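Just passing along the structure, written as structure tokens.
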Amino acid sequence: MKILIINPNSDPEMTRLIQDAADRYAKGEFKVVCKSTPGAPKFIETYEDGVKAAPGMIGLLRENEAEYDGFIIACHADVNLDVLKEISDKPVVGIGEASMKIASMLGHRFSVISENDHSIPNKEALVHKYHLRNVLASVRAPAEDDLDGEDKDKYIKVGAAAIKEDKAEVLVLGCAGMTGLDKPLQEALNVPVLDGIVCAMMIAEGLARYGLGTSKARRYNPDYP
Amino acid sequence: MKILIINPNSDPEMTRLIQDAADRYAKGEFKVVCKSTPGAPKFIETYEDGVKAAPGMIGLLRENEAEYDGFIIACHADVNLDVLKEISDKPVVGIGEASMKIASMLGHRFSVISENDHSIPNKEALVHKYHLRNVLASVRAPAEDDLDGEDKDKYIKVGAAAIKEDKAEVLVLGCAGMTGLDKPLQEALNVPVLDGIVCAMMIAEGLARYGLGTSKARRYNPDYP
Amino acid sequence: MKILIINPNSDPEMTRLIQDAADRYAKGEFKVVCKSTPGAPKFIETYEDGVKAAPGMIGLLRENEAEYDGFIIACHADVNLDVLKEISDKPVVGIGEASMKIASMLGHRFSVISENDHSIPNKEALVHKYHLRNVLASVRAPAEDDLDGEDKDKYIKVGAAAIKEDKAEVLVLGCAGMTGLDKPLQEALNVPVLDGIVCAMMIAEGLARYGLGTSKARRYNPDYP
Amino acid sequence: MKILIINPNSDPEMTRLIQDAADRYAKGEFKVVCKSTPGAPKFIETYEDGVKAAPGMIGLLRENEAEYDGFIIACHADVNLDVLKEISDKPVVGIGEASMKIASMLGHRFSVISENDHSIPNKEALVHKYHLRNVLASVRAPAEDDLDGEDKDKYIKVGAAAIKEDKAEVLVLGCAGMTGLDKPLQEALNVPVLDGIVCAMMIAEGLARYGLGTSKARRYNPDYP
Amino acid sequence: MKILIINPNSDPEMTRLIQDAADRYAKGEFKVVCKSTPGAPKFIETYEDGVKAAPGMIGLLRENEAEYDGFIIACHADVNLDVLKEISDKPVVGIGEASMKIASMLGHRFSVISENDHSIPNKEALVHKYHLRNVLASVRAPAEDDLDGEDKDKYIKVGAAAIKEDKAEVLVLGCAGMTGLDKPLQEALNVPVLDGIVCAMMIAEGLARYGLGTSKARRYNPDYP
Amino acid sequence: MKILIINPNSDPEMTRLIQDAADRYAKGEFKVVCKSTPGAPKFIETYEDGVKAAPGMIGLLRENEAEYDGFIIACHADVNLDVLKEISDKPVVGIGEASMKIASMLGHRFSVISENDHSIPNKEALVHKYHLRNVLASVRAPAEDDLDGEDKDKYIKVGAAAIKEDKAEVLVLGCAGMTGLDKPLQEALNVPVLDGIVCAMMIAEGLARYGLGTSKARRYNPDYP
């Protein structure tokens, strides 16, 4: 069993953090490798960044398709998920989709913790894409004054507001770069806090083990008659 | 890692089939045990059957809570899922919820294969409960004339109609008793076919490995202040 | 015309209050009797409480089915409503469903007044079950600091906030135990305030008079071919 | 207790039929009077017909408001319901709204039997207005070839198709002019068949008895500050 | 190309303002005329006002149908839009529908600026009618204390709150009487601000140029077989 | 006034057809130019095709932004619409979004005519993205046996079925390559048939004339603080 995590950006530090989180979950029982996307922007913040990352992501998947059993896109915006699902028969899992659908199994409604105000509508658009609006409590970002604070502290504040004011029962980390904050937040806030990297591992490893991939019935089949 | 599968009915044959499917997925890498529910009806077909199974299911979970790391309800109607989520801090996964949410990650829309016409509205009510109506292609059962046919044959016929007429891209087996038909149907129909037992294993094992259970923030916390 | 109100809990005081409210509405023009559920918990606060009340509720309905023309479940969570609809051909009405559907005929949106924060998500799940989310202004409970206050006072405060902040135009009492507060709140707040007991009486008496009960077409027919 | 039924058209024969249905339900226990609308078209078939009926309907309500306790609009399109709710503090009930909301309490989904193809989209727009689309099985009209057939026969055929093909569990008569067909259809089809006249009586009589009318909180208050 | 704007009220001052806005958009390149509705109330504030305006609006359209190529209803509540669509084959455009649908193309979600609290639910009902609820950020009116303020100032305050608190990205002027405030608000708030008059011109002129009108397939065809 | 139509593919024949349709609408009263996308695939049929077209589309817009007043993406899948909205302050209009939103103003529900079965789910995903599912009658493609037929004939057959069976009242051409078939289909089928090219012209020209572009409040602002 080998899972490839595609980090859609080209930041080696984030790739390292993702690899760490994946290893903690895999516990050496199956193999998981995280790779940065060649030619991608340093971070994925805009629609244009996603477009720029696409060729590298497609390349990474094609080069590694034979060797790996499942693929993960490690950006909570699930950039280029549809195209990667289309070009492979093996499981391709976005950390946004996986984390939010698993969140919906653990409590009444979930909130997504977002890095800043800008990504709130984009995240809402993603929630809508996956038909999850009715199980969403809110997408919340730190107040402008808090943006420069320590990550852990400012996101605990965001999570606490989501629980109290929006009645969230589960929290989802809204960015691959937040990986590792799940357990500290969970300890502080006393509700499940989900790291998309881990959630996607769960689904990708499970699907690969079960022998399943994206349906080629119609939508994701480029060669459909 | 130990997962307990609660078969809400008291049919030992079904318990055995579920155990087999679970073992095939676990491959000996983690432990999984399926138990029948004491005092439950032989099969769960009506709302009253679900009510009758409740005390035994609650009992099973309580007796085994310390020993196991996660729990699965092996009835596609997810009978008594809310109450089991409420009484435990550990993950409790319904095969209906798990299979349909995973199905939504593998293709445009999924269809549920149902045993007969009677359970179609009940299944639709479940789909609504989980806010999945927009990703449902259909719930389909064999035509009355086909009800006495061979299981594999009649469900292949149902699945083929769902793919062609309802444009389903993924199929979900709508009853724990259909376990084992996933691969034969998949081979015949060429789309992913999901057995809820396996899907719930994926989620339960993953959540337990990740150290997560049902949120006790509010809805599923019986001792909420 | 005889209506049986099933109080799903075993608190005689609540049974008495419900009987009073029912009598005020019936004005002696038809017969209505409220009975406590044998073997039920004192109050219904959790999913497990609902499960525990089920056998007694089923028993009550079966013993009285021949004698009565319609049945009401006097718990605003409509516990075990599906199973009672299933086992009887006569009308079975939940006070939650009746009150919220009638509320939707009296104004733009309604709010449900809930006893405490814990039951807000459960109530929202019920609202979703009945497809009423779009006509719901909010589910509101007293602030933590107000929980020990006089019932009438604290619920007037809740209702006033629902009207002003959530733009509710109609209020629904979210618990059978609030029976009798409808008119005092209505006087104070100047919007319709609905007691589910009365609303269910309206529907149950009307359906019985019209000769209608739950459809046995499929979902609620335990003997469906 | 006195209920006024406003027949929005000027057909005396239909007024007589509505009066009969209302009397059968009231059984002499409360007073109910049906009046034709002065100046209205003979039948209400188009949006313009509805507009033409408005002044007469407003006049009827205003002249009779002091004397009656509740008002019913006896056209299944609920023409001018919003304006009548606005101008009165007493209950005003549309037979479309009442019948479809009560239908939703009696089974999984309901179908509306419509006179002809033309009114299907209009009826769907009404269903949408009341947020009932998720509990609607279908709106169905006789096939073109059947339009000249006997009412009872052709609507039984429509109802049977709705039950079998659209999986309706409850049927609603989609026109005040179908009053009286409820019991014959119910006998033939074995599911609840609802006449909106009767359903509106249930709600109007119940609300008047309970002392409730349209909320004047905002939407239906012409004098809102 | 000649467009007729029907001002559903009888206020000549408002008719003049609407004519001005229309002329600014048309730039003399096509002809546009705004007429007050004979017999209509001075302003349209209630459902009854809408009903009273109907005969005059129908008359205006019928008298001018041969001469003009398209029609606009210049009231943001789109009063009597369905009936005017029904009686003409030419394009009939409501300023509410046009402005809100165009707003949905310019940003994530839009807010409607309403004159006062009373019209918030009515506007929400309109938003629901057009299936736009998911792209609505909010309907907002000035606080009670601000109602007597200068129009421009108080609506800038409303718009700023919609942008900041409801995360609106586009604003829609919720009343024909606000015409002319679009550019001042846009300058102050730095988001697109839409005047329904202009939006409806865009659609009406475009449809007429394209040779399209309301479909006579079924719903809006009074003579449907 | 100058509008640039970006044909996301590199087929000069299709660019010519689009230019013709645009010219017919513009009637020489404003300038419109259609350009093929350099480096794009010959046709856009898959998600990967869309990704491959992106750099050329972004380049085209950037090179022409100063000179043109509005931009149109001439592919009914609206490929890369979000990114083009993001990088420009001027109006950017997708022919999918424009045609379907205008269709919703002309009748009860619309159907989209699709080239083949493969694109049905993709089109449904687009409909969902724009929150238009409730006004969609269906997405329909020619039956497999008809795929080789004459375009006009086979799409008339599809449209007729959509009108009769799905109760569509308006038709939308689901591919830029169908441009020019609008009037022949409309003549044959007697309902409005919309060419997205023309619809997008209407919106783009109107917005440019009105001085409006994509909101830079948050979602489409790459430089958001």
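We just call them A, B, C, D, E and F in the order they show up, numbering each chain from 1.
The criterion applied here is as follows: a residue touches a chain if its C-beta (ideal position, glycine included) is under 8 Å from a C-beta of that chain, and two chains touch if they have at least 3 such contacts.
Not measured: the values here are computed from a predicted model.
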What are the chains that chain A and chain F both touch? B, E
Interface overlap for chain E and chain F, more than half of numbers shared or less than half: same or different? same
Between 0 and 180 degrees, and as a multiple of 5, what angle does the rotation take that fits chain C onto chain D by Cα atoms? 180
As a quick test, compute the distance in whole Å between the mean CA positions of chain A and chain C. 42
Express in whole angstrom the distance between the two chain centres, defined as the mean CA positions of chain B and chain C. 31
Give me the residues of chain B that touch two or more other chains. 108, 120-121, 125, 128, 131, 134, 167, 169, 218-220
Linking chains that touch, what shape results: line, ring, star, complete or other? other
Inter-chain touch pairs (all): A-B, A-C, A-E, A-F, B-C, B-D, B-F, C-D, C-E, D-E, D-F, E-F
Contact set on chain F toward chain D in their complex: 108-109, 134, 167, 169
Chain C partner contacts - residues on chain D that touch it in the complex: 25, 27, 29, 91, 93, 97-98, 101-102, 104-108, 130-132, 134-135, 163, 167-170, 183, 190-192, 194, 198-199, 201-203, 205-207, 209-220
Which of the residues in chain A come into contact with chain F in the complex? 45-48, 50-51, 54-55, 58, 80, 82-83, 86-87, 116-118, 120-122, 125, 128-129, 131, 144, 218-222, 224-225
Using the touch rule from the top, collect the residues of chain A that touch chain E in their complex. 120-121, 124-125, 128, 133
